[in-house]
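Both complexes below contain chain A, partnered by chain B and then by chain C.
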Partner chain A sequence: MDNEKIIRREKIKNIIFQVAPVVGLIIMFALFMILAVIKDINIPYSMKNILNQSVIVVVVATGAIFIYTLGSFDISLGANMCVSALIGAMAYNRTNSLLAMLAFCLGTAVLISSVCSILASVFNLPVFVTTIAMLSMLNAGVLMLIGANGTGDIVQVPAAAVSAINTTWFKLLVLVAYLAISIFVFNFLKLGRQEKFVGGNPECARLTGLNNSRLAILGFIMAGIGVGLGAFLTITYAPTLSRNTASSVGMDVIISIVFGGMPVSGGSRSKIYSAVVGALSMTLLSQIMLMLNLNSGISQMVKAIIFILVVYISMSDNRKNILPR
Partner chain B sequence: MKSMKKVLVLMLSLLLVVGMFGCSKDNDGSGKSTDGIDDSTNVKIGVLVADATGAEALAFRSYYENYIQKQYNVTFMYSDELADAAAEASAIDNFIANNCKAIISFASADRPAQIRKCAENKVYYAVATGTLSDEEYKEFKDNEYYVGAIGPDLYTEYLAGYNMAKYYLDQGKTKFAVFGGATPYYVDMHIYRTAGILVALCEAGGGNYNGASDMGSMIGTIYGMNCQLTPAVIGSVELVSYIGGYDFDDAWFGKLAEAANNPSVEVLLAVGSGLDTFAAFKKPNQFLGTVDAYTADAVKAMEAGTLNYLAGKFSASIGPIFMATLSAVQGKPIRTANGEALALSQGYWVATSADEAKNFYAVDSSTTDPAYTRAMLDTLFGASYDDFAKFVGAFSFEEIQNLKK
Partner chain C sequence: MTKGKRLAGTIIIPVLVLIITNVICMSRGVTMFENSLNWLTFARAVANVSLVTFALSINLNSGRFDFSVGSIALLSSVFSATLAVNHELSPVVMLALSLLFGMLLGLASGLVYVTVKLPPMIVSLAVALFYEGMAYHFTKGHGVSFINNRELLDFASIPNYLIIIAVALIFMIIVFDHTTFGYEYKALQSGQKVSVNIGINEKKNTVICYAIAGLLMGAQGFVSSTTTGSIQMALNFGSIGPMFMAFLPMFIGGYIGRFSNDKLGYLLGAVSTSLISLLYVRLDVNSSVQQVVSALLLVGFLIFLNNENRIKNLFRKH
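For the complex of A and B:
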């Protein structure tokens, strides 16, 4: 009887942990709507704004989940996105073709991501080590690209060229398409299951015959596609690029993934929808802070406290497990 | 009975006082002041900032939040520190969603995009402490939602650098080290100040810097060098050392220290952030000049002899652009005779002694009696372009004190 109770309690606890991020998002949305009504905010514009501000982080973070599930992380995502966007913009300026811009954004991002993971497997290093080295190289690359372009400290695509695709519908289309592919790959193909296994226990996965390096390369390729799409959407939203472009994306991705309920150690409890839930929650939180006209210092502190709380709660779920991760 | 009467009299007196105050604030019953400013409705104004923590940025913010916001029925919403054009676009979206009627911008990653977005959404837009390029002004001057720009124009920036260098050249100094600030990042403001310094060196030394010796050619030369300048002997004077950028790493600090430690260097000049760069390394026999802001630290540095020349923007200099913006929001835009947006230049307050700096700072940091008070700004509401331009043009400390009287 006691055992049944314990099992039931654990089941309930598990369900709570599963739905907590979504419930958090719903609460955040409700709070946002209440404040919006009280403060007489332009709600339709706000909705559009929330989508605009979330979409890039959602796309990049969705890709990054393929890396985080392995129990790894990529510190160079923002720099990769900046380089990809710069090359995409330069490609547009040479060809006047948006398709070429998209192709160069995607190609560059996937190439950079692949190089990170291939180097890691060649030198038998943890992948995050190569991403640290890649970060330095990409930062230098950004300065070289901007210098080589010869247009001062910016690279610009004419605003008129991208205005036609700088619409809510286009962004939603890109987001839904990439999400659908990612959900399919993560939940219905072997790759997702194997990644969870490696993230949960890499040694056990290796002994079972899984090729960890191959999985890392595939995971990084999926992340690269997200970064490339993020770079493309960045150009459409703000076609003036500088060395600071996407500088906050790396951190936003980490925060979003954690906010979305993804365990920082990856493994079997990884969820592809964490990116959507987390990025939307984070944007809503920012909007609430703005409506309350709190200064940015206080906003950052509130976010930091919530971040620590979320990580603490998500890790407390693991403490009693026999095999953590 | 007697005490009842007393209470009644007291209550009536209170009512009278309250009534009087009410009438004085709302004398025509529509919430409009005598100058026509509508104080009955709160106006939300978004402020875009590229720097949220610098001394100058904090002084500007203090003037808006601790003085203007208390004087007028306005609410300022500040953005986070904006690093790029995408962040600027997001911040503008945030302001529009929050029903801001106008945006005052201190951020310049992509000004044309900012103006376009504001105009599309019928939100007024103004540039504080800066100017648009000639091409940009041509594109937006007729846009009804572009209020205009008030701030040091590029020639004023050039003169700020030129006058600072000349001040020391006139004292017979010949060996200089220069911190070029954001010149390597192609920031026009710093490029022009640097060009001013170099032209002053050329004039005094009777030489040229990589073939350039006047303003036009110097700007061309700096751009031609991809804004990466190098030391040079310029006739009888010498640019012994040059450091640019804001890397804030060990190598960067090392270069600053090396420049200051060079025994031949007599004068350290900074086109910005002189206190954050050279001040820590300056030797007692050297002189330090900078273009910066009037802060408590700057005054202390002048008193200690660490800083000897300060050309600074005064925080209330952003008062007129606020009033032009409020005028536009309340239906009285200030435009030229041709209906074009404002494009007015303001200069710096220059202090060469601790007493001067103290005097300037006392006025500049006041939240009760700043350089531009409400009484002064109210005269600008719906003013003619000429009157407005005359007010802005009288920017020196003495002129402003006279205006106050």
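For the complex of A and C:
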């Protein structure tokens, strides 16, 4: 009887921890709506802004879940996106074809992601450090591409060329399509299950015959697709690209994923929806700060406190007598 | 291992880098150390890189990734520079304040980590955001400028940098190799669970580690700010940049550590990377090429470290 009680209590606890990020998002949304009504703010316009700001991070973060599930970490996602967007924009300027632009965005992002993971697999390098080196190379690549384009500090696609797809519906369509594919691959194909296994216990997974390197490469390819789509959406939203394009995306992705309840160690508790919940929550939080007229410094401090509180609640069933590393 | 082998293993990388960088310079008709300004640039780079490397290595070697080191340097230097400018304090007092603030900020970061017991990477993200925000709010986004304060700017001299480097190295060696804290740190590093089970106070040890890392970053913030006479604000993780310069020296230090003391290794790693930085300056290499070369060096060295046996076997067969 006592055991049953303990098991039930543990189950309830687990559910609370799992829904904490979603509850956080709902609270954030409610707060946003209340403030919008009080301050008489145009809600549809604000919602559109929130979508515009969060959709790119959601797409990139959704792909990044495939890397994080393995217990890996890629700090070069933002720089990868910037390079892919620059190459996509240059491809458009040469061909006047949006399809070519999409193809180059996707191709470049997947290629860069693959190189990173293949390098790490072939030479037994720690993935994280490989992505640090890649970050440095890509930042240099951004400067070279902008310089090579001969337009000074920017690479530009005519706004008229992308105006037809710079709509909320198109962005939602891309987002939903990529989310659907990711959910299918993650939850219904072997890849997702195997990734969770590797993330949970890489040694055990290897001993049971799983090829960890192959899984890492596939995970990075899935992330690359997200980065490529993010690059494409970036051009449609802001067709003037500079060295600062997507500069904060890499860290926004990490924050969003963790905020959405994803454990950084990966494994079986990984969820695709963490990316959506986290990115939306962070964007809503930023909007709330704006509505409260907080300066950037205070707003970032409040963000940090809320971030740690939400993550603390959503991960508090995982504490042991030794400190996590 | 013989003394000769130890010595060779310890100095081989910096000596090789010194020879290669000088040969490259000479082939382009440039002298690496032509005037005192070149020496100053070199000494400053060694001081900056070695301080960040020491700070980052303390937690990273224990599996704790710390994104917040840059933000600690930023905030501690903002506080100390503001006080120094407003109260016309001397550079030594500003350095002392920077160290104190750095240590306190590191201590706070460590306390948050041991209290919430979340993965250190997550905690350091939140701490970095918080400290960046605090620095921004404190200076109202304008940063701190003291470009007309000759007394503070005159601190930037080779002897001063050498003193800072020497003190930091001696401090690191004494604290981590010759104290109970250091022994416990190493025990926790190699066997966390066993160490906790035999009674080592992990929380106390960890908080001290963060405080020491903060202290070192306080010094780095001071060196960095007295170089330019201004402190620029950074938001949205703009402060994590300095962290990246520490990876290559850290790996070089790890390699040298096999032959001698790992802290000395970090310093020699910093010397090696600073020689490369000076080479960039002397040859006027543009920043894109610098970044690519640095990244290739990092990957190349890591490939060597992680495939040493394979490479040795390759040579043995032939």
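Note that the second predicted complex is superposed on the first by the 316 of 325 C-alpha atoms of A that agree within 3 Å, B and C clash if a C-alpha of one lies under 4 Å from a C-alpha of the other, contacts with A are read in each partner's own complex, and residues count from 1 in each chain.
We take it that a contact is a pair of C-beta atoms (placed from the backbone, for glycine too) under 8 Å apart; a residue touches a chain by one contact, two chains touch by 3 or more.
Quick caveat: nothing in here was measured; it's all calculated off a predicted structure.
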Which superposed partner A:Asn52 touches (first chain B, second chain C, both, neither): first
Which of chain B and chain C A:Met134 touches, first, second, both or neither: second
Touched partner set for A:Asn3, first chain B, second chain C, both or neither: neither
Contacts of A:Ile254 with chain B and chain C, given as first, second, both or neither: second
Touching partner for A:Ser296 - first (chain B), second (chain C), both, neither: both
Touched partner set for A:Leu241, first chain B, second chain C, both or neither: first
First (chain B), second (chain C), both or neither touched by A:Gln287: first
Residue contacts on chain A - larger count, chain B or chain C: C
Shared chain A surface residues [contacts with chain B and with chain C]: 147, 248, 295-296, 299
Residues of chain A touching chain C in the complex: 73, 119, 123-126, 129-130, 132-137, 139-141, 143-144, 147, 248, 251-252, 254-255, 258, 263-265, 295-301, 303-305, 307-308, 311-312, 315, 319, 321-325
Chain B contact footprint on chain A (complex, rising order): 39-42, 45-46, 48-49, 52-53, 147, 152-154, 159, 234, 237-248, 287, 290-291, 293, 295-296, 299
Contact footprint of chain A on chain B as seen in their complex: 52, 75, 77-81, 83-90, 93-94, 96-99, 109-110, 112-113, 116, 121, 185-187, 226
Complex interface listing, chain C residues touching chain A: 62-64, 112-114, 116-123, 125-127, 129-130, 132-138, 140-141, 192-193, 196, 202-203, 206, 235-237, 240, 244, 247, 287-292, 294-296, 298-299, 302-303, 306-307
